[in-house]
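Shared between the two complexes below is chain A, which has chain B as its partner in the first and chain C in the second.
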Partner chain A sequence: MNRTLSFSILTALIVFLIGPFLIIVAASLSAGDTLAFPPQGLSLRWIVKVFTVESFRDSFIMSMILAVGGTFVALLLGVPAAYALSRYKLPFGEAVSTVVTLPIIVPGIIVGLALLRYLVVPFSFSIGVALFLAHTALVLPYTVRVVSSSFNNLRSDMEEAAVLLGATRLGAFFMVVLPNIRAGILAAFILGFVTSFNQVPVSLFLSGPGVRTLPIDMLSYMETTYDPSVAALSALLALMSIGIVFLAERFLGFSRYV
Partner chain B sequence: MFQNRAEALALALPAAVFATVIFLVPVVIVLAEGFRSPAGWTFSAYTNFFSEPLNRLVLVRTFKLGIAVTVVSAIIGYAAAFAIVNLSASGKGRMIGLISLPLMISPVARTYAWIVILGRTGIVNQALQAVGLSDEPIRLLFTETAVFIGLLQLFLPLMILSLISALENMPKDAILAARVLGANWFQVFWKVILPLTREGLVVGGTLVFTGSLTAYITPAILGGSKVLMLETLLFQRVTVANDFVSASVIAFILIAMCFAANLLLKRLATARNKR
Partner chain C sequence: MSDRAFLSLENLTLSYGSSIAVDKFNLDIRKGELVAFLGPSGCGKTTTMRSIAGLLTPTSGRITLDGTDITRVSANKRNVGLVFQSYALFPHLTVLENVAFGLRLKRMPAADIEARVTAGLKSVGLSAFSGRKPAELSGGQQQRVALARSMVMEPKVLLLDEPLSNLDARLRVEMRAELQRVQKETGVTMIFVTHDQAEALSLADRIVVMREGLIEQIGTPEEIYNNPVSSFVADFVGFENVFALKEGKLATPAGAVALHETLPRNAAGFAWRPAGVALDTGPFKGRVKSVSFTGNLREYLLDTPLGPITAEVSAALPVHELGTELSFDLPLKAAAPLQRFA
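Right after this comes the complex of A and B.
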């Protein structure tokens, strides 16, 4: 392929993929009252406003709790399961791996609806708890997948050697295996965090008074208001994601795991 | 490989039970609801659903948009992936970084940008009026085109990344050999590149297709109630009409389509490995 052609293809591609994001950043710096590009004057008022909107603050905290807590629980469930799948002759191994990775294939909106109708309503579960469980189930496949590949890349004679040298099985796991897959677990955590934090369909039906994730809050805000605050919030969230990915790439070569 | 079965089960069971109780069982009950009536098992929910013209329209539209986004992203994807694998190592790394970046950004934020671009006073309308192509703003938002553009931007990176890894695994001399033997570029693509990168195309295609079928945010923001897709229709049926039976039918259609796409993926991937 000749150089000019390849250069123009890639330029057009980057404009299409990244351009809209830059426009959002520009629009969020506007001094005007409505969403517009080019921005009407420059100011930080909308960026500042984002931090003063109470519902954004509450839903941000909610999303953080779901993303951090849900991913943590998913790791507690997923790491042992991944270990069993890669190191043991597990009875019904195929079925186990299918059921834990299924939530990736089934659309989230259906999971949300199912939990609302058959967990929240009949057992008077709180919506917040159901939302937490739904986010955990959603993240579980990612943790199992990423951590499994770490286990598979780690030679199993290491823990066998540790056991032969007198360590207990549990001791061998915590002192030999875990330190070696630390990067994989961190990668799974970041992937799970981002997936949960950006997730919308699962949370659609699992919203109630005081229980609302940030993306859902943004969707309902933009339905009623046409000011640049959602743009400002979008820009801030994007910067947060970029920061996380940048740090992850810097410190563990994140892209190897995803 | 350890042999202790009890230990293995104790490790794997919590995750399996969790996924079964929190996810599998409720979803299966939702799906079963579409086949139940006071009189017993029935398909009446399905015949009712398909007799409604709006529902048929939404189903066809969802399928059509899914195919269109997949095909267009494959075409752009090949051109882009081909240009990228021919870059220097550092250039390639930078491009892959730039292409993966949007994947980490909230889809709400990414989709919201198109409102600024395609809206009544958006950039496209400003440009059209400035050049004199149009006297008044054209409605671009809440059209199928807007949803198509939004979906394409959302999922294109997945296709490009799959195709990059497929092209990298392809023997470098294959193209040169075909060229030396007199094939034109069209033949090179059709007879050499396509068969050798089929697996990457199938992986990317499945991700893009199922992603588009099950998209909620893009049709909700850029399509509104004018351009409903299956997920936005499902949401509307439940919130506006409390119609859980139609919701179950839509859920079944969505799951069936996703499973079919994933099965196809597995089939094509293993067919390749056997040879």
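Right after this comes the complex of A and C.
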């Protein structure tokens, strides 16, 4: 009885989580001209078409630059921040922790609007730079949180041992600390990459000529063209994310860090 | 040369805000000596050790090592080794790389490094494990790697934080022998920190008993064990029955109690080990509250007008049941006179 109930709940949950993905994949394999489910016939023409749409290519590159570059900068800022927060009793440590996590709490719409209204418009700030800053800020909380947990799991006496063997504090960090939190940094990178890549609300406000992320480009494409190529692109992106997370789990035990 | 202090701590003081962790600590240690800092947690023993290593900067005072003032020398230039309680091995490096870590930082020629690491691993009996990662070793083996890693640096002083407390009974005996051997072979000056009196008594040449940032007593294991200067030390080294002395009488819950022998008036108190209490004889009475068998001996806890008294007698004697009234005596010849009480 109990077993049947939990089994049905689990099934419902899986259908709910994976269902949309399967529908998108099916729709993308359609031979018809409009986005429809069930698909009309089977073909790979929409998947092929994705690669020929020029704006998709440009916005994919833009999204990649933001996701890889923004996450990289967020790590450059986040790793030292996480180190300081977990190793030292800082005077405003709690406050800093909270401020760092704010971008997760504040709705993206507000962040995007604020950046546009108070950074881009009054200072004629480049939209591309504003977008990069926004994505970096958005990813920063994840890097700090994930890397902090790595630091907390790493005993500080290891660094002291390295110092007593002749290393400088900085040397000890690079020789002893960094190699042991590599998995945490990679996990933070993947989480940040996926977060940035799938980000919509902030990017929505920070789009302009030649500056457009892939999700925003897909939205505007759908406004004019209702063919299955968007479904094909979604399916490809989902596969990319699944691939990355699968590899991370396989080699790093990703789920320990998130 | 050998008479002069090799490591000397002068008026060493460390305070955190208003609380003083170590207060005007003065100690001279000879070259090759094996010294234990003994005391309960929070007594300042670890703080003192960490300031010798350079991991903490003293608020005031001076540390001199081998004729050089090292008070302000940074930890990575002191050539002081430290074996951490957690061993603090580098998990991403093999045993060999762990032991070679410090030598490589010194940019020593590869052949010299190899020779020293090989000798170091051999001396702790871990030659066969050089390719393993620390996680693949037992706790005892990890500790020996940590010991080798410090010793290949040929440190002027080797510090050990609670070296035996993480080990089981059998490994304890092994490690104690290991440390004594290393000390004898290399003549390195060793300081170890412990809260375990048995560990200090069995290993050290000299024991520094600490309490609340102050030195309570310095002496050889025999001196500390037989002649504790204060009630604190007496309690710490197993004198379970400790009394203050007031006008030649013992201060007890039942008021001043005189012994049939005259007590010297210059002492602040007297202490008896459980084995020093004479049972089935003497003027005092107590009821058996608990009995415990410890192998050769049987320990009685007595409820008496003098407060609880712990007595120990041969287990070969017939056992007294709970609630039995026994007579006992506190003989002066078994008493340790205390210079300070509390």
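Everything below uses one rule, namely that the second predicted complex is superposed on the first by the 257 of 258 C-alpha atoms of A that agree within 3 Å, B and C clash if a C-alpha of one lies under 4 Å from a C-alpha of the other, contacts with A are read in each partner's own complex, and residues count from 1 in each chain.
In the analysis below, contacts are C-beta pairs under 8 Å (C-beta built on N, C-alpha and C of every residue); 3 or more make two chains touch, one makes a residue touch a chain.
These numbers were taken from a predicted model, which means no experiment stands behind them.
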Superposition on chain A - do chain B and chain C clash or fit: fit
Touching partner for A:77 - first (chain B), second (chain C), both, neither: first
A:14 touches, of chain B and chain C: first, second, both or neither? first
Partner chain(s) touched by A:115 [first = chain B, second = chain C, both, neither]: first
More chain A residues in contact [chain B versus chain C]: B
Which superposed partner A:144 touches (first chain B, second chain C, both, neither): first
Partner chain in contact with A:186 - chain B first, chain C second, else both or neither: neither
First, second, both or neither for A:53, with chain B first and chain C second: neither
Chain B versus chain C as contact partner of A:65, first or second or both or neither: neither
Angle at chain A between chain B and chain C, C-alpha centres, nearest 10 degrees: 90
Shortest span in Å between Cα atoms of chain B and of chain C, once chain A is used as the common reference: 9
Residue numbers on chain B that touch chain A, as the complex places them: 1-5, 7-9, 11-12, 14-16, 18-20, 22-27, 29-30, 76, 79-80, 82-84, 86, 95-102, 104-110, 112-117, 119, 121-123, 153, 156-157, 160, 210, 214, 216-217, 220-221, 231, 234-235, 238, 244, 247, 251, 254-255, 258-259, 262
Residues of chain C defined as touching chain A within the complex: 53-55, 75-78, 80-82, 84, 86, 88-92, 101-102, 105-106, 146, 149-150, 153
Of chain A, residues touching chain C in the complex: 155, 157-158, 160-168, 171, 176, 179-180
Partner chain B, residues of chain A touching it in the complex: 1, 5-7, 9-10, 13-14, 16-18, 20-21, 23-24, 27, 35-37, 77-78, 80-81, 83-85, 87-91, 93, 95-96, 99-100, 102-103, 105-111, 113-115, 117-119, 133-134, 136-137, 140, 144, 156, 169, 194, 197-198, 200-201, 204-205, 215, 218-219, 222, 230-231, 233-235, 237-238, 241-242, 244-245, 249, 255
